[in-house]
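In the part that follows, the structures are each spelled out as structure tokens.
Presented sequentially are two complexes of chain A, the first with chain B as partner and the second with chain C.
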Partner chain A sequence: MDLTNYNNRDISKDYRYVKVDPIPTTPWEKFKRVVKRTFSCELFVGLWIVFREMIKFNIHTVQYPAEKLPISPRYRAIHKLLRLMESGNERCIGCGLCEKICIANCIRMDTKIDENSRKAVTEYTINFGRCIFCGYCAEVCPELAIVHGGDYENASEQRAHFALKEDMLTPIDIFKAGKQKEFPGFGALSKNADENVKKTPLAY
Partner chain B sequence: MCTTTGFIIETVIKLLVILLVFSALAGFATYIERKVLAFMQRRLGPMNVGPYGILQVLADGIKLFSKEDIVPQNSVKPIFKIAPIIAAASAFTAMAAIPFLPEFTIFGHTVQPIVADINVGVLYVLGVMAIGMYAPLLAGMASSNKWSLLGAARTVIQFLSFEVVTGLSIIAPLMMVGSLSLIDINDYQAGGMQNWLIWSQPIAFILFLLSGYAETNRTPFDLLEHEAEIVSGYATEYSGMRWGLFFIGEYANMFTVAFLVSIIFLGGYNPWGFIPGGIAILLKVSFFIFLFLWVRAAWPHVRPDQLMWLFWKVLMPIAVVNILITGLLLM
Partner chain C sequence: MSDITITINGIECKAKEGEYILNIARRNNIFIPAICYLTGCSPTLACRICLVEADGKRVYSCNAKAKDGMQVITDNEEIAKERRAIMEVYDVNHPLQCGVCDQSGECELQNYTLYMGVDKQHYAIRDTKRESVTWGPIHYDAGLCIVCERCITVCKDMIGDAALKTVPRGGDKLSKELKEEMPKDAYAMWNKLQKSIIGPTAKSGTLECSECGECIAVCPVGALVSTDFQYTSNAWELRRIPAANPHSCDCSLLYYEVKHTSVNNPKEKIYRVTNDFHYTALNGAARFGYDFQNEVERKDEEAFKKAVDFIREKADTIKFNSFITNEEALILQKLREKFGFKLINEDAKAYQDFMENYSKITGKKHYSGSLKKIKESNFVICMATAVRYDSPNTGYAINNAVTMNKGAGLYFHPIDDQIVNGYAKNMVTIAHEAGAEEYVLAFVLKKFAKDMPKELKDILDKVSDEKINEYLNLPEDFDKTLTKMLAKKDKFSFVIGADAYTHPKAKNLAKLAGAVERYTDFDVVVIPSQTNTLGVSLICDLGEHEGENVLGYNEKGDFTLSALGDGDLDMPALNQQEGTFTNIDKRVVPTNAALEYKGYCLNDIANALGLNRELTIDYTKELPQNSGYVPLEFDLMPNFFDNGGNELRGYILEEKEAKESIDFDEISKIEKIEGQLVYKSNPINQFSPFTNKAHQLNEEPSLYVSKEFLESLGVKEGEKVLVEGEEGSIEIKTKVDIQAVGNIPYLPTFDPSLNLNAIFPSKYRFAKVSIKKV
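And now, the complex of A and B:
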């Protein structure tokens, strides 16, 4: 989705100034206003406007469960843990930055050294009763592993639903079908990220 | 003996038909109201219960019937319980003197679709409808709730304001007809559109329509239950079927006023061009019901002081002058 409409905050070109008549003070002026309003049929203008809208039948209702509005790519809903594009391994390297930066103190992770002597994340939970969806975890993540998804319908029987690692991690079959979406929002790489990268001179 | 029994049976059938038809219409009118208001505000209105939400009325009815019946602790309980019954009963009682359709014959038996053709029909209808204002008054005063009390106070000022204009505005056409029976008024306008009383009494028509809106507590005169100011007015403490009775009463009153205006000013059930009388009056009533909803979508409420200003200082003098001019022209 193109972000220009989200970045343009200046709406002053659409301002329209409404002309307001001076407020009458003397009884004669008040009487004149009543007569003017009565015989200029202002009431019928109101009737005509709503009738016109009914005839036009330009309905703005979104029938919610059946239809949904597109949400902004920067929308911060329930988190997702992504996988690496090539191998399908988890992106999370267990650095713990998200746990550190979380101002609601709701992220907990558990790591171990696995058999290949790499750091592996065994547990990763977010307490959504505490999470304020500030987006700091997604912004601080160096690997773009923890991101915000678009799942805003989080009614559930259990508070813990959505919150465990297996709930947030992209399932391997969905990943293999190529359906893991790259996150365009908070903390994501900009489009011209490649241009900004300075190549490290390799001396060896 | 046989004719008396037949008369009683016929009247009972008429009563049942009116009660059932207008209860159902009151329910259906809520659906129409929600739809029309929604379309005028670029919404869809109820869509989920049944095709295009048409069964929403049923769902609402079931909800109203199965709700807990709450009577507040400090209320005056007998009056609190009787007030909604006054609302519904007076609204249906007022319909007794209204001829809904022209005479028709069914199974070789001529039926007059009016329960009682009394010679003071208009007076009776207006009187019983005015009794209906006791319902919000008593409900508001018995609820022991300040919003309800404010609603009741507003009932009184609204009643005192519109009832004068209702009476005075209707005097001018009655002077021309010379009878208070609605059937006589209807027959006076026989013979086509040019005989309708709206052409000779346009001011009385507007005044009567305005006070009809005040009488049925509809926008722009719905001070009694003005949500933004006094929560729900006299009905704040009511729930379930007691509240439903107020609702049925309000919609039945809307139909009564629509029938009254159609009969007194718009030629009633006389044939209208090629349209037969029965369909003509239904068309007129439907238009006035639509006008009630249309006005609700378009116009803001008035304040209580504006209401009193409008009725006492503007409409009442106009009504009196209208009577004077009509009297001079009739002499």
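And now, the complex of A and C:
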């Protein structure tokens, strides 16, 4: 998604001031306002606008759920675990930093040594009953493995339905179809990331 | 050692002459960075980061001795430059795998890199391929190793195995320009680092040691880790619970580190055991034998009722062992007082009798020595115990004494021990005849005793030097050797163990040992055989013969309470209980519950029988004061080491007078046992059914033999042999103890199902057998 619209936060040029009548203080002024509002038929002005739009069939509301508004990449919805771009392996290395930084203390993971002597994450859960969606986990993750997704439809019989590793990890078929999206929000590389790298000398 | 004053960073510090600056600074809460130094071990000067300026000269605070009036500055621009360069060098080619490294979060390389503010690297060198290897319970990742040599140092100076050394790394040579460009110490450190890596000393190329795991504890990075723990949890997720070693009499301070078992099992589990390695070493049983808990789902009311009824109506004896806390021992004693039970505890009884006779000579209730005193001494005699097996920590103390204090020592035991022999050049092992312990004591008294009473002198005079030589198999010219060994020695320690108090002539041995304390310069330690043998012997009135209806506590009885989960009513294991132990240092040390226990404990039974204390630890302040205990609440007991290494754990028993009566028995001739002997001892790291329950230590009981003895038997390792004793025989597998030598194998007691009574008709730990191939 293009971020230009979001990066430009200056909306002052579209400002205009609405004329507001002074608030009545004395009982006489209050009475005058009631009479004015009652007999100037303001109600019918509103009804007319609704009626006019209705017969024009010019509908401004979004046809949810058939239609959805695009959502800001900074929005922090239910988490996702991503896979590595080329190999499709899980990005999560089990470093446990998200577990440590989580201020709601709702992340847990099980790790073990696998047959290739690598650290394998056998289970990863977030307790969404506790999660406050602060985004620290995504921000601290050195591999950009745990990220926030954009799915805000979190109605289910149980919160646990989103909480396990298998629910969060990009399914392999979706990954193979190239539909895993890179996360641009919290913790993602900044545009000038390269400038911040200090080079380490190499003896090769 | 006179008292001196030195000034560190403008702060006046009191010290003893000859102390290292680093230790003085630490005691006074002044921080000097240091990686390779281990308190209580010799400085290696591998890291050079503890560089300070003393009286204007650059010295390494870990090995520079303080002089009166010395002015020390711990940090200036030049030193900071050196330190930063050293940290940069350590970071060269160090794999960037902190994310998965087990040490991450408690890594000294991480800490110091951040502390020195290393945010840029100036140096580089071609990396060398370094393979990681697994040595049984110890995993070594050479890639992560920074060759600080702490593992080598601790193994040599503390543990005594000396199983590790540096081996050539095969790294590139540093370029000559660097010598000019780099700070001096950083260059010297790097030059050394490029040449070495850690490897085992054994010729076989694999690690041959007693597997205590202390090297894992001291490793500042993730190079040495427990194979079992690797990649199972991050350090910061674990909750540390201070406790005491529940398996052996040293009761060292350890930390159980617990966390939920897994994502779908919130029940807590012990992941590993750690320790304050600067001040205390753990033996392998403590480090690897932590999961011996008794898992109970609920209170078994029916079994509880049966237990209470049995005790109230039937029982006349309580049989137990010394793997219990002081409080539990006191509960048993109170039950005895209330209901008149006999308390049977074979192990503590033998110890109690021994100490009673011992006290008759010394006039004091407790022996005078301790592990700390052993560590401070420079001449140690150890007898009547296979010390590395019975009490590894006593072995560590002896090794530490003879290596660090330029000391010497004698080790008397029928089974020779090459590892003890290797503690130091001046450590002499003497394999005497089995049963000749009286002669060992006679030899020691003859050599060292002063102002002996006539009774003792008469008895010693009857023991001829020839007889001593004959029974003890002293090497030639031993008198000369001993004189050499004794040169410049002023602090003496004497260790005596379980062979003495299970000996048929234990009574006289006790008196002679008492004479060693009273009439020589030696401080004596009598090694308790089980965790709390000393405590039980001080708290309980023990009987000798069991009655008809026996309540067993962790022992087989007509009704059995068991923390092993195999009895009629479950009890909490020692990692599920709080309470205190009385350890070998005569120190009452607290231990805490690492895991939840949902069943009944001994206090519940006591309450049902009318003793009425809310918690087991309510008994702590009631421990018998006539034995030296202090009326101190459990919750008021400290349990830590301070920065100066002072042990602030619980309290030390007060010394109590005992009734003196000086008389000795004749030292009688012994019958040399011809033929095959067998010894009763657990392998290293095994002490009881509890250690054997732990998943990392679990093994089948075997006949433990040396390599050479296995060959002479003509069997292969693992094949069964028939061991025939005087009263029966057992068929048992053979297993090689790689550190053992000689022709006396040993049989373990950690499995109660092994019928050892058939082999050992008396309590004495040696027995005559014949061993045949099956």
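Throughout what follows, the second predicted complex is superposed on the first by the 140 of 204 C-alpha atoms of A that agree within 3 Å, B and C clash if a C-alpha of one lies under 4 Å from a C-alpha of the other, contacts with A are read in each partner's own complex, and residues count from 1 in each chain.
One rule holds for everything that comes next: contacts are C-beta pairs under 8 Å (C-beta built on N, C-alpha and C of every residue); 3 or more make two chains touch, one makes a residue touch a chain.
Note that this is a predicted model, so its numbers are computed, not measured.
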item: Contacts of A:112 with chain B and chain C, given as first, second, both or neither; value: second
item: Partner touching more residues of chain A, whether chain B or chain C; value: C
item: Partner chain in contact with A:188 - chain B first, chain C second, else both or neither; value: neither
item: Partner chain(s) touched by A:202 [first = chain B, second = chain C, both, neither]; value: second
item: Overlapping contact positions on chain A, where the chain C interface meets the chain B interface; value: none
item: Complex interface listing, chain A residues touching chain B; value: 43, 46-47, 49-51, 53-54, 57-61, 63
item: Chain C-facing residues of chain A, complex; value: 93-97, 99-100, 108-113, 117-120, 123-125, 142-143, 198, 200-204
item: Of all residues in chain B, those that touch chain A in their complex; value: 36, 38-44, 47, 294-295, 297-299
item: Complex interface listing, chain C residues touching chain A; value: 98-100, 104, 119-126, 132, 172, 230-234, 236-237, 260, 262-264
